[in-house]
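Contents: one structure, followed by commentary.
Chain IDs A, B, C and D follow the sequence of writing; residue 1 opens each chain.
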Amino acid sequence: MDKQVHTSRVGEEFAQEMKKQSQKERFMSLAPLIILLVLIVIFSVTAQGFFSINNFYNLLNQAAIPLVMSLGLTFVILMGSTDLSAEGLGGFIGSVVALMVLNSKNDMNLGAFAIPLVVLISIGVSMLSGLLHIKGKLPSFMVSYGVSSIMSGFAVLSYRGVPARIRDPLFTVMAQGNFLGIPYLTWIAIVTFVIAYILQNRTRFGSYVMAIGDNEAIAKNIGINIEWTKFKVFVWLGLCIGIVGVMGAVRVGQGDVGIGSDLVFPAITSVVVGGTSLSGGKGGVVHTLIGAFIVTVINNALVLLGVSPYIQQAVQGLIILGAVALSVPHGKNLIVK
Amino acid sequence: MLLLSGTGITLMEQENREAKKMEGYKMKRREKAAMLSIAACAMLVNAAPVMAESAEPLTIAVSMRSTTSEYHMQYVAGAELFAASLPEGTAEVQMLPCEGNDDKQINDINALIASKGDNMILFVDANNAPNITSIAEACEEAGVYWCAAWNAPEGILPTSYKYWVNFQSCDAVKQGYDIAVNLFESLPTPGEGKICVLEGMLANTANEDRMKGLNMALEEYPGIEVLDDQAGDWDTGKALNITENWLAKYGEDGIDGIWCACDDMAVGVVQALTAKNLNGKILSTGVDGTSAGIEMVENGELACTIANNGWLQAGYGCAYAYAAKTGVLDTETMDDLHRMFLTNGYLVSADTLADYKATFVDSQPEYDFTDLDYPIAGPMFEE
Amino acid sequence: MERKLLMSMKNIVKQYPGTLALNDISMDIYAGEVLGLIGENGAGKSTLMKIMIGAETATSGELRMHGKNYAPKNPIEANALGVGMVFQEQSLILNLSVAQNIFIGREKRFIRHGFVDRKAMNEAAAKVLAEMEIPQIKASTRVNRLDFASRQMVEIAKVFDAVNGEAKEGSVILLDEPTSVLNAEEIRQLFKHVRRLCAAGNAVIFVSHKLDEVMEIADRICVFKDGCLVREMENRAEEVNEAVLYEAMVGRTASNEYYQLGRQRMPEETVVLELKNLSKRGFFADVSLQLHRGEIIGICGVIGSGKEELCAVISGDEDPTSGEIVIGGKVCKLPSPHSALRQGILSVPRERRAGGIISDFSAYENIYMSNYDKVKKNGVISPKLAREQAEEYRKELDIKLPNVDQKVGNLSGGNAQKVVFARVLASDAEVLLLDHPTRGVDVGAKAEIYSIIRDIANQGKSLIVLGDTLEESIGLSNRVVVMKDGEVTRIFDAPPEKKPEQVDIVKYMM
Amino acid sequence: MQKENSMWSKLAFNRETMIKLFSLVSVIVISCVFCVMSPAFLSRRNLLNILKDLSPVLMLACGEAFVLMLGSIDLSTGCIASCAAVMLTVLLGKIGPAAYLVVLGYGVFAGLFNGVAHTYLQIPSFIATLSTQAIWQSCAYLLSGGQPLAMLPDIWPYVNWGKASFFECVPLLFVVAFLVLLAYTVISKYTGIGKTVFAVGSNERATWLMGQNVRLAKMLAFLMSGLGAAIAGIFFAVKLKSRIPTVGVQYNMLGIAAAVLGGVQMTGGRGSVFMTLLGALLITIIQNGMNVIGVDGLWQQIIFGALMLAAIFMNSDKDHKGLVVK
């Protein structure tokens, strides 16, 4: 009675098709890494001084601040939103931390306590913009644009045009000192990366963010508290912006709103070039690391190649267009917004 | 400051919550929201510290690029110095920052003219030279006396306008030349060596003139070789990254000096050098004479900077405009020297540092704004 | 042996606006047994499962589990009370590892001072996978690396663990079409687990279209038809065979009037559309078919028989891998539904909300969405013309609408489908592909849609219909094409006077 | 139905017009506040200023609205405008009035370039337009040779139309902008392809199955955005009589903000092109008004951000249950 259970020719083809597709997907997730290696090889050959220990350290230092910023944005993008508040908020944190420590303008000197206080302020503001987005159901893009403009206004107001030069010995040491040859700022970035890695892979929060990004309906079905998780994402973003603001002030030795400029869009580019999809659910912290290096390598190499400043932006734009075109899934009825 | 920002935002938040708790009057969310927006605007607007009371006092408008550059804030301080020199309450200063957006500069000035009519005078550091033509047209129409500093397009001169009182500028080309020569002389083997060039913002008039000055200096010093030329957009962070890349590319002994177009970027350059404790060995230059610039010259990290003395430029700019407005000066009869003159930037290098600090930093220089010849350093165009 | 009652259902009714999905179901589930549920599409099986897992709530009736009242609000609560379900579509998070997926939402026991103890979780997952005898799947691999079948096994493992972990005295596990993507070896393994679970005192409810599998595994078989439990029988080999099951499933033949057989006319000679051994790797192979003007062809087949993909290829939504589509004697490529519409082919998709209407638009805008030219006046869309057209169709198809400007989003199922038909009629397409046109529509609206389909055919247009039920396909079409595992197994002629019996067709379907 | 809704429906308001009405209400409210602060705000001359400043932002906004209605975004409009401004100045000197046509052609080309990158290479529009922004910025530098020069007097006659105005408070610039806005509105509301753009934003899968040309609609949306940006560039050049390659950079975000304040939802499918006029008016009034009433320079950005947030909060229709706002 037990009819021979056979799978038809079509069933076989279906299984092969699926295997081919998952292999393709595995290759696609490696695409950013391959692009990074290809870029390094090309630039080592062409750019003089690229492939050297000195320049390697240089890359590591320059990738520090963009990396921390993109780590902050990774979870936001994994959830399918975007956030531009870092431009104003980062500038504000940078300016305010300079005013709080021993500086050339006022006699306030909180020393090391300034850092946690300032990061708390950054988290507070980011939580507020998260509240507006989640509870008020406003598009995160526009909310963060408003918050960014308010905060950069306060930043400029805080030092009234004369940036406060940092005198605090701790900050000057942090700017120049290094440990095992790697400057402190880069260590901060490495530590932030490790925390982000743990957050993503070792905590419930990480899996919940991935679930929400993949399919919010399934996440609700599994019983995940979606709003609370989204809120925590904005807390993490606030923390990263706070760190970036402090690092910016340390690096330039003074507090000015310029610290926040040109932070957000390169960070979002790094996250996407690294392989995290803008509609959420794919990619992760390691992808962002690769993305951040791709962007930094391009900037560094263009300077080493002595490319004329006028066309540098165009070359950067073209390379990123190519990199994303290669690492983005293609399909006839795939909906890409 | 932070409390203010914190309360500012939480205040809006409380307004939100109180609006929701309105008992006894079941309002549709939309009505409550509209009422909230009026309250929010009124609350925020009248919280702004400087408010224009009635229209009588003369408005001294200062239009410049950005509030984040210390040098541009010197303009505002200079204008306030001039306002203080007038009898009490005759004038007050309004700042028009345009954050590098040329269209906004024109719009802001037009808006102020519409609001104040001819009861205002204007001091402008044009974000880019071409803006001067539109400003000139607007002021001619409205009968507003105004002065300009730094940028003006070729062939456009105050003499062809009635209300454009004067045009003063430090000679950006000469400045580019002076700091270049100073740098070349202070290299380990004076007159020879390899340098890198860090420009300001591409396609910005002041930047292009300083580059012309640099190129003039380079012709006179064949021994100097330019390794690379990059643009830092007047931004400290970018300058820092570019310098780090140069150090990686040419090695720490491959560069002898870095020509840098302004103090803000020089801060980034010096930070990058100090990270490799090369500050002092590789010298750089700056322009604007910001407090940071002066400090770096003091520590021997910067070969020289040029203090353009924003107080003097803005103060006397306003003085000229005010004089023309009150009839002390008549633009038709003014000679070319008074219509167009150079103010001397103050080259601050290790040796001239001492007396620069004496006159400008320790004591605020007293300006007698009635003596209109004081700022003139020389004619702009040698006949 | 006296079997312990696990779950009992007393006259469960589920009423959707317009359709009675479940009509007075009473059933008892005992520990240690496998209960097979069979029935046609839309017979109410999935709805019952959704109620048991808490994804839906019954309109009336009573559910008891372990003797206590049982009314879960969501799957998580159901799991806690001992009822787990493997959903038909995947509910795994592709980007997370197998272990993370199995324990998602229930990581509390692996938390060591704030962090998830990854090693402990992987070990626990490995234990569950070992229990499921699929040790070849490593607990730490990411789910998007696994092939389809292993994902299905992980899905099942996840439910087994969720339920077994908590419930002490036996639980109920629902499997909805679990074998549609498994091969022979994997099916055998699945059956081993099902038997092992029953031996451990749990009950398994197995829903499948493959009657041979149901007969192999089930202890008891319940047959559903049109929302009612029509037969409940012990699965004794001598009594039960496929013919008996077919008879139970299909029951009465359709009444003539319902499908308006009288108005079924003979198709003309001209061939409007011809498929020449069309195939799409992995879905269907070598389908050859001729569609004549005015003809209605019904395609029948179970899920995974390839009929939906065939429809998608003809409508231009998917690309075939080989073979030709000949329209009006000319071989043509259909890269998109847009080019298909230019050749006169238009589809009515299955999910009305997702693919048939634009809910933000008003009714009259939806109606002209497939053909702007009809409402254009000197190059510009004139709302007046569009409203007139909509008014016309509103009367013709009797769409219950307060006014044509009303947003389509909040219309009932039947009315929304009529708006879709209005759009299709307005598009002047010659060949229409109807994918389950009457799914989720009340009986009254069904009859109206059938008469619309008749009108369309009589206007000389040709249709390919994927019937919601076998009875519908037979009743409506001139010819019935039966597909199984991607191949056309048989084509029946179905003239009004000699309609084929459902039992003969089902033989070729399953 | 709750009581409130019935109250509203009695007044024959439905939620749609409420949102449309709202941006009008906020424009009026804020103008009154500024007017009270300084009567010169509504003077004839200031109206001229407002309408002149409004025109470029409006052109960017109505182009951007097309892309936002797709549910995508265009970050390159600012730089296309700068490039167009520089190109106009350079070409006017060489080939006279024909330069206007060439610049419009360039706008179309830039829009199509974005369209191809997004539609055919399937790159998310955020990143695609961010990259093309950098490309057009470099082109602007190269075209201007790095020199921000003023227009030479000999080509001024081609440009003087920018200064003309009717009965002294409606500039010709604004009239041209209004005509372009009307054309954009007609295309978006009354042509088939315009309707498809709406439909794609609301439910792309359904539009694809309904047999509409989704790709063409996307290409059209980006084309309109590029063209709008080029026209804005022409307005900048005409207004400032100069070729400054960085003139449009900061206007990109303002264009998006104006479209959103005009009621266009960023998730796509809702809002109207014509309403961007109100959005652009709101932004221009805020910036102009703050100068007229003499708000201190340092506070202007804070107030601008706060009013932006308040307006977005009022403007979003929050009763959209279930809509997942990204």
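Criterion: a contact is a pair of C-beta atoms (placed from the backbone, for glycine too) under 8 Å apart; a residue touches a chain by one contact, two chains touch by 3 or more.
Keep in mind that what you see is a predicted model, and the values were worked out from it rather than measured.
K.L.:
Which chain pair shares more contacting C-beta pairs: B-D, or A-C?
P.N.:
Looking at contacts between chains, B-D has the larger number.
K.L.:
Sort the other chains by how far their Cα centres are from that of chain A and give me the top one.
P.N.:
It is C whose centre lies farthest from that of chain A.
K.L.:
Averaged over CA atoms, how far is the centre of chain B from the centre of chain D? Could you give it in whole Å?
P.N.:
A distance of 31 Å separates the two centres.
K.L.:
Could you please state the distance in Å, as a whole number, between where the Cα atoms of chain A are centred and where those of chain C are centred?
P.N.:
Using C-alpha averages as centres, the distance is 42 Å.
K.L.:
Using Cα averages as centroids, what's the distance between chain A and chain D in whole Å?
P.N.:
Each chain's C-alpha centroid was found; their separation is 29 Å.
K.L.:
Express in whole angstrom the distance between the two chain centres, defined as the mean CA positions of chain B and chain C.
P.N.:
For chain B versus chain C, the centre distance works out to 70 Å.
K.L.:
Touching two or more other chains, which residues of chain A qualify?
P.N.:
150-151, 154, 156-157, 160, 310, 333
K.L.:
Please set out, as single numbers or ranges, the residues of chain C touching at least two other chains.
P.N.:
317, 336
K.L.:
Hey, what residues on chain D touch two or more of the other chains?
P.N.:
141, 146, 205, 208, 298-300, 302-303, 306, 309, 313, 318, in rising order.
K.L.:
Could you list each pair of chains that touch, in label order?
P.N.:
So the chains that touch one another pair up as A-B, A-C, A-D, B-D, C-D.
K.L.:
Considering the complex alone, what residue numbers of chain B touch chain A?
P.N.:
1-2, 4-6, 9, 13, 67-70, 72-73, 76, 199, 202, 228-231, 235-238, 240-242, 244-251, 264, 267-268, 271, 274-275, 277, 291-292, 295
K.L.:
Would you mind writing out the residues of chain C in touch with chain A in their complex?
P.N.:
55, 74-76, 91, 93-96, 100, 104-105, 107, 111, 114-116, 118, 144-149, 181, 183-184, 187, 212-213, 215-216, 237, 241, 281-285, 306, 317-319, 335-336, 484-487
K.L.:
So in the complex, which bits of chain D are touching chain B?
P.N.:
By the definition above, chain D touches chain B via 3-4, 7-8, 18, 22, 25-26, 29-30, 33, 37-38, 40-41, 43, 45-46, 48-49, 52-53, 56, 141, 144, 146-151, 153, 163, 236, 239-247, 249-251, 287-289, 291-300, 302-303, 306-307, 309-311, 313-314, 318.
K.L.:
Which chain A residues qualify as touching chain C in the complex?
P.N.:
Of all residues in chain A, those touching chain C are 1-3, 5-11, 13-19, 22, 25-26, 198, 201-204, 207, 210-211, 213-215, 218, 221-224, 281-284, 332-333.
K.L.:
For the complex, give me every residue of chain A touching chain B.
P.N.:
Interface residues on the chain A side: 47-49, 52, 54-55, 57-58, 61-62, 92, 96, 99, 104, 121, 124-125, 128, 150-151, 154, 156-158, 160-163, 165, 175-176, 183, 248, 251-254, 256-259, 261-262, 299-300, 303-304, 306, 309-310.
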